[in-house]
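Order of writing sets the labels: A, B, C, D, E and F. Residues in every chain begin at 1.
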Amino acid sequence: MEIVLSAGIGILAASGVWLMLRPRTFQVALGLSLLSYAVNLFIFAMGRLTVGAPPVLKTGPETVSVDDPVPQALVLTALVISFALTALFLVVLLAARGVTGNDHVDGREPHHAEPTPEKPHP
Amino acid sequence: MNGPDLPAWAAWIVVVLALGGAGFSLTGALGLIRLKTFYERVHAPTLGATLGAFLILAGSMLLLSLVEGHIVLRDALIGLFITLTTPVTMLLLARAAAHRDRTEKNPGAPPEP
Amino acid sequence: MSSNALLAAAAILPFAGSVLAGALPSRARTPAAVLAGLVTLASLGCILALTPQLSGGNTVVHAVEWLPSLGVNLVLRLDGLAWLFCVLVLAIGALVVLYARYYMAAADPVPRLYSYFLAFVGAMLGIVLSGNLIQLVLFWELTSIVSFLLIGYWYDNAAARDGARMSLTITAAGGLCLLVGTILIGRIVGSYDLDAVLASGDTIRNSPLYLPALVLVLMGALTKSAQFPFHIWLPRAMAAPTPISAYLHSATMVKAGIFLMIRLWPVLSGTEQWYWIVGSAGMATLLVGSWSAIFQHDLKGLLAYSTISHLGLITLLLGLNSPLAVVAAIFHTVNHATFKASLFMAVGIIDHETGTRDMRRLSGLWRAMPYTGTLAMVAAAAMAGVPLLNGFLSKEMFLSEAVDNMGDHPIHIALPVLATLASAFTMLYSLRFIRQTFFGPPPHDLPETPHEPVRWMRIPIELLVLTCVAIGLVPNLTIGPALGRAVAAVFGADAPTYSLAIWHGFNLPLVLSMIALGGGVLLYVLFGKRIDTNPRGGPWLMDRLDGGWLFERSMTGLTRGARALELWFGAERLQPQLRILFLAALLAALAAGVARGLDLFAPGRLTPFDPAFALMWIVGAACAVGAAERAKYHRLSATIFVGGAGLVSSLTFLWLSAPDLAVTQILVEIVTTVMLLLGLRWLPKRDAAIPAPPSERARARRRRIIDLCIAAFAGLGLAGLAYAVMTRPAGDGIARWFVEEAYPQAGGRNVVNVLLVDFRAFDTLGEISVLGIVGLTVFALLRRFRPAPDSLERPKQQHSHDAYDRAREGRKPGDTAADALLVPRVVMTWLFPFIILLSLHLFLRGHDLPGGGFAAGIALTIAFILQYMACGAQWVEERLRIQPIAWIGLGLLIAAGAGAASWLFGRPFLTAYFAYWELPLLGKVPAASALVFDLGIMVLVVGASALMLVALAHQSLRRTRSAEAEAEPAAEETA
Amino acid sequence: MTAPLLSGPGAVLWSDHLIVLPIVLPIAVAGAMFLMDERRHRLKAALSLATVLAMLAAALVLVARVTQAPEVYRLGDWAAPYGIVLVADRLSAMMLALAGVLGLSALVFSFARWSRAGPRFHGLFLLLLMGVNGAFLTGDVFNLFVFFEVMLAASYGLVLHGSGETRIRAGLGYIAVNLVASLFFLVGVSLIYGTMGTLNMADLARRLASPPAEAALFEVGCAVLGVAFLIKCSAWPLGFWLPTTYAAATAPAAAVLAILSKVGVYVVIRLSLLLFGAGTSEGFGQTWILVTGLATIAFGTVGILAARELTRAAGYAVMISSGTVLAALGTGSAGALSGALYYLVGSTFAAAALFLLAEILQRGRDPADATQPVFADEYRDPFDDAGTTEIGRAIPATVAILGSGFLLCTLMLAGIPPLAGFVGKLAMFSGLASGTMTAPAWWLIAVLTLSSLGTLIPLVRLGIFSLWVPHDDPPPVLRSPEFASLTVLLAACVALALWAGPALAFTEATVRWLSQPQDYVRAVLDAGAGKGATSKGSDRGAARSTAGAAS
Amino acid sequence: MSTLLPHPFLSAGLTLMWLVLNAPPSPGSIVLALLIGLIVPAVMRALRPAPVRVRRPGLAVRLLFTVLYDMLRSNLDVAAIILGLRRGERRTGFVSIPLDMTSSFGLSLLSIILTATPGTLWVQYDSHTGRLLMHLIDSTDSAGWVRRVKDRYERPLMEIFA
Amino acid sequence: MSASTVLDWGLGLAQGMLVLAMALAAWRMLRGPRAQDRILGLDTLYLNGMLAIVVHGMRTGSGLYFEAALILGMIGFTATVALAKFLMQGEVIQ
């Protein structure tokens, strides 16, 4: 299982990094999503893997062996934050698309000149 | 992983239900691959959403009722809601596909109603 | 008044006066002058009152603790040398105050000038009175800054701006070097205290840090005293009002450098390095200054280069490593201050009364202003070193030192020769100044008719010229005691014996002096006319070397170079920046791992392999790679694939014992997909690549390969680290405690939820704040959202639906769309209460079973969104009014309030309360303050996520409405 | 010594809660403001002002209190390392006070016009300060992440505040870079948890005292974490986002953002001295911090030399200031570090003041101003129109005031006497020059000296251009809130120089305290030792039931 | 009654769902379930959906079983088609069905029945002509399908929700 | 064969079959050719994923996974409905 999850994390991360390095804003947004998945799984993996032992205690006094709850709590926090920030990034990219007229991460196509008040975006 | 503790008869029933459900679901998914046109393919996943799901959920209810020691019906809710909601996706998809095929004048585009 | 108080008063008064003068109204010329004069005189009075206490080489010291841990205290230390400079600074300052009152026009904001002036006086006094080297540096830089303001006083004038900037740049740079040099001295000596430093001459000279310290200190001194090649700022500083030039370039600013060299002479001089650096700087400056002065047509320019040359002379004297030369240097410093100040003032009068300072236009002024002319002539004679004037005495001493220094080394023969030559040059330009300005035919075509200035304006010059004469005639009576005290202060018990007589007998120096005077006259007779008509615009041999031009060029070059470096070492664009970030993280991890010999594949524990899990991850990986591949042109497909990858992640959490995570991730996944789609509406379809030049294409290819490598290594790295950690046993961490104590101490069975709402509730509070903030930011952005023109159109599907409707009898636009949504509408509407129930269910069970406030909130949001999707924004908002921002606020208040409630029970913030309450009929029910906290989370999550989704959804509505709004006026116009 | 709150059950002083006030108060006030109508400007402004003043007061009281002993506050009454603790020691209290002053002046400045350039400014502003305060106070690495995110999220909002093309474009890059940094942060923190099994800083330090099983993996985690922090510090080559972003942001936003990169610096100081000051990983990353710091100063200087606009120059000044502190930390000299801490405070004030000044000087030339809402509907609230009108009396002698202010900023940033910038550099130089002088010390002295000059030259050029060269634009107008705000910042710089002795004594003591990590560890882990531990579960339960009974 | 319980079937459904979710029932969960059944439908008052009246609950139950049976049969049919177990020619295509029902609730149920039954797919309904376009995975007997839809599903539905 | 072996193997096999179904759905999703096929594939992926969760709950004999399945069953369709509506009308919410 460990090797599978590691490989999965790796592929998600690689895809995410690749997309984050692309020039189009939407690519970056999706890259961010994929990279967040990878990182969330990574955090989760730090608690080691267990199958079928959620950290939910039975109604008895005995303490059972369950999965490490701490990384799970951390992932939950990180998950919410990355959700919020993905949304924010999406809206910023929309706004940028609106004001610049293109969807390049720099707000202008690489072979177009920097817009000036006299010469706005094409 | 500690599996559940069941009497043999129940185990067999549960397994048969689960395998049957999974079989139908798998067949549905297979249909998604094998069927030729989109409109045919839309039918396929319904196998999993209906009989496949019902069998698995029935197995689950039986198993959990035995494990938890009281009648467990909650899985039926899943069955109910997927029956109600899956068609919404399907018909919207079919409608969208019909529109696209008509505007693109594809062969096999649906006629007007 | 005690001597300490007098000293402190002398140092503080000018600054206090500066503040007061600055506060005066801008037309208050006379009050400002009176204030400045009084302050200066009062300060002078304080210093003079302290004179008796300096007898016998005593010093007056007043120390105030400032930075004790650094050994830097504010120490005012008055000794003979400081006394001499103080008197110079204050006496000439007082004269300048008087002079400036009449020189400055009423229209100028004169109080500001006096304010700066007084600050400058204070800074100068600070330097000369410093008993601590760091304090000296502090005031040193202060003079640079205030002189910047003074030179730039007429800042509307470009020359003033440039001059100010140049002087500040050069002198402040020198000051920075001086600071480092001082710190090195402090390190050698172990103290910045002047007395301690002066007592450690041998230690300093024998230290390995001597040379760097010397060079750095001299950088300060030489830049300030305008030594070659740093002299270039001084002529440009002539853009200042003339009274300021008179002050800065006679007694103060430039003399600070001289003062410093004299001050540290006992500890820094006496070495070969000192001799060569200081001596050659002085010699070069002397020659370059006097040579250049010859060729100036502007009177102030002439005085400026003359100043440079005299400063060179003084520096050269200091460089000779001879105590007698130092005496000469001190003496010449005083002399130069008197005659140069008077000359500047005279030139100011000429400028003031004639409107020009160009010697080629001026002529025959003697007739119009004989009195001023006489004064100027005496001062110029002093400058030229004519006998019976003070300049002659110090120049005699200089030539005598030059001769004495010849000694054994053949190269030293050059010294008296060059000294004589420079003296001849001085004679030449002094003569030229007097001859061209005051004699010759009557002037014509001057901007103003020349006449004598007002009485008060002449008084400062009269006093200064009187001083020149008095010192020249009876040096022992006038300057003698002061010079003696200063020399004693520098040398202490080892003071050299010297004589201030006019006549030392007929000796070699006298001969040289006469040769210089005669040579100067001869040169003027031979070349005077040629200089006037010099076509090359600058001094012969040096016309190509325009310091100002060089400076401007180097500043521009500096900026240009910096821009090039910024481009080279920086990255403006996002992609390279991100590339660097990923590379940096990769390299950092690699470096740390390699340094410790990390083995990623150490054998360890493994969880039993399940092929289904592997198959599921094949799906996940395919989705991820698919998304990466399609995202550029097929955004919708890529969004779908990301959804697939997200589902696989959720299932993984579930499989590996994290149902809470799975629930949350699924919900977030759904909302994110809807949000991406809402956004996609405003990103028009991208059909083809934007055409790029062919040269770009090859580069793009290369970049893609690099990115692919970075991505691959990032993936490998993260996978490797994950594998390495997962296969190693977990240590004895804090996790076990949470599992054991979640129920007994926090009353919850779902340990993850207990962590979120109790053990680590503080994290959660922060997390929901993030969510709220982002919701508001999204709202703010969308409120001003301006869609790109190409996405303003309604989507083409809707157009064709409407066209279909229009083409058919009995249908109106929108019917087809309504028919298509007929069924979804019914289903989604009736599902609404059930999803609310689901949300409540998730909320209430969270503490004991998977669920919780966040999941409940998102589920509720989805319930709302389904209504929006089915029925449209308008329909929903006519029925349900949700005020998301208020929900955000409420959520924050509930959560924070739940935390703060524990204060009432004397417990820290967020201390949770739980108990089982016995209720009638219901029996035992759990009551936990964590539930209230969780409620806050839920409320906020609903508010924030609904705000984001609704704000996005509203854009279409706004588009429709604005289209309608635009259509209406257009219709009115046509009607 | 620990506070009474933590030592005996039930013995609680209200003043013990002071430490959590800078975090709870802004949340509560922001929450309340979200419930109010957006148009109630004055009320909101008054509330914000009161909150920020209270935060500043709390910070100052803490500064005074922690000189006796650090304070540890157990959130949720859970003891470290299980619960999250807030730790106020000299360093965090000092940073808290810095944030308070900066927040106060930025807030007051915004009253003139910027607070109405977009919705919900005050709430975002308070939450930003809340994030900053939390980051300074927390003693838990994951909680640090959360507060970083709060601070960053609010900073995204503030960078975008006012909208407009420049801000949106800059904001996009800023967000992208910081999201990557946040992901690195998460990877680093989780690796630390995965190898050490704890998140509490003190506990980490304690565990590092004996060689941990997975030192290599732990250090890899720290390296990744370090990259994340260096991105936030805007260290070269990770900080190219800063000048563009800060130049694009509205002035009060930029001014308060000046503290953000300092949070990164703070964390680097905190963690490297706590975790790598001694023990198995002693000296980890120190060379890198030094090299990065030096490179950052150099690049910042190049940038400021190249700057065409004041705002950009101010951004690079922020970079230089961060780089200076990092480099001083990297030299390992206590004297240099204490000087650098002093310098950090002053240079942050000065950079913030420069942002504010630049805005006043460049006002009217700001293309982002031109942005108007596009749609005429409910999104255009009445206060949108009020956004252009200004509040406060126009101050006479504007040019003179701006000129003096500009001069003071220049002197501060270039480290030229007589202001705190000079004292800071002097203290650093003295620190470096004392004891055995190593090559890094020489390097730092040289680089800092050149950087001083490199700061002076362009700032003088830009200042002359803005203030002295005659322009066609209408003369700048200074409103009373803006004047007050500038006065606060510059007076702080002057005060810092006047009372440099006590201030340096404080930072010296701070560095002494930081170099004794075992004291920190003891203070945190002994705070109410055992109360959260299993053996004392009944004790806690009893305490809770009393609380329950009281209710 | 109608003000307190505007949607009694909904209330019952919600109460039941809560009880099913929180089995085994305790006094507390029963009270909570009743409260939820009472309160949550209030949101429907805000949404104001078209009113739904169930006339013949018995017929509804019978219809339910009919549908379940048809679903089972269709599942087997379609599975056979997918797995290639069915011999003979299979034609796939669209069929247009004139519907008499106009109630949106009824139409929705019909659409759910048809779509949730493998082999039939609700593609498009035209409210003006009242015609439904349906896709059949096996349209060999399209006329039979038209009858089946109208007789087996549409008529009972119209009776239930008349 | 003991009951637990039967369960273990049988449910494991069922789960494997469901994951295989997921893989087939993903294949359709990735393959297309049209957007509607991809959405259909995603919907099927969700469905089979949900069933896999139920079977996982059976394998572990635990009811803790139920909510995840219920959420997928009740509101999992939101994402695919949004996609379908986007396809049909060009925007998700008017």
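The criterion applied here is as follows: a contact is a pair of C-beta atoms (placed from the backbone, for glycine too) under 8 Å apart; a residue touches a chain by one contact, two chains touch by 3 or more.
These numbers come from a predicted model, not from an experiment.
Think of each touching pair as a link: the shortest run of links from chain B to chain D has 2 of them. Counting only chains that touch, the fewest steps needed to get from chain E to chain F is 2. Among the remaining chains, those touching chain A and also chain D are C. Note: the chain lying farthest from chain C is E, by mean C-alpha position. Here D is the chain whose Cα centre lies closest to the centre of all protein Cα atoms.
Averaged C-alpha coordinates put the centre of chain D at 60 Å from the centre of chain E. The distance from the centre of chain B to the centre of chain E, each centre being the mean of the chain's C-alpha atoms, comes to 16 Å. The centroid of the Cα atoms in chain B and the matching centroid in chain C are 68 Å apart. Centroids built from CA atoms put chain E at 40 Å from chain A.
Residue positions 20, 39, 42, 45-47, 51-54, 56, 70, 77, 81, 84-85, 88, 92-93, 95, 99, 105-106 of chain A are each in touch with at least two other chains. Residue positions 1-2, 28, 30, 42, 44, 49, 72, 74, 77, 81, 84-88, 90-92, 95, 99 of chain B are each in touch with at least two other chains.
Counting partner chains per residue, chain F shows two or more touched chains at residues 15, 20, 22, 39, 41, 59-60, 64, 70, 74-76, 81, 85, 87-88.
Those residues of chain A that touch chain C in the shared complex are 1-24, 26-27, 29-31, 33-34, 37-42, 44-59, 63, 66-70, 72-73, 75-77, 79-81, 83-88, 90-95, 97-99, 101-103, 105-106, 109-111. Across the interface of their complex, chain E is touched by residues 808, 810-811, 815, 818-820, 822-823, 825-827, 829-830, 832-834, 836-837, 840-841, 844, 867, 879-880, 919, 921-923, 925 of chain C. If you check the complex, the residues on chain B that touch chain F are 1-8, 10-12, 14-16, 18-19, 21-23, 25-26, 28-30, 32-33, 38, 41-42, 44-45, 48-49, 52-53, 56-57, 59-60, 63-64, 67-68, 72, 74-75, 77-79, 81-82, 85-86, 88-90, 92-93, 95-97, 99-100. Of all residues in chain C, only 572-575, 578-579, 582, 605-610, 613-614, 617, 620-621, 624-625, 627-628, 631-632, 635, 638-639, 642, 645-646, 648-649, 652-653, 655-661, 664-665, 668, 671-672, 675-676, 679-680, 682-683, 686, 690, 692-693, 696, 707-708, 710-712, 714-716, 718-723, 725-727, 730, 733-735, 738-740, 742-743, 749-752, 755-756, 760, 763-764, 767-768, 770-771, 774-775, 777-778, 781-782, 784-791, 848-850, 854, 944, 948, 952 touch chain A in the complex they form.
Within the complex formed with chain C, the chain E residues making contact are 10, 13-14, 17-18, 21-22, 26-28, 31-32, 36, 40-41, 43-44, 46-50, 104-105, 107-108, 111-112, 122, 124-128.
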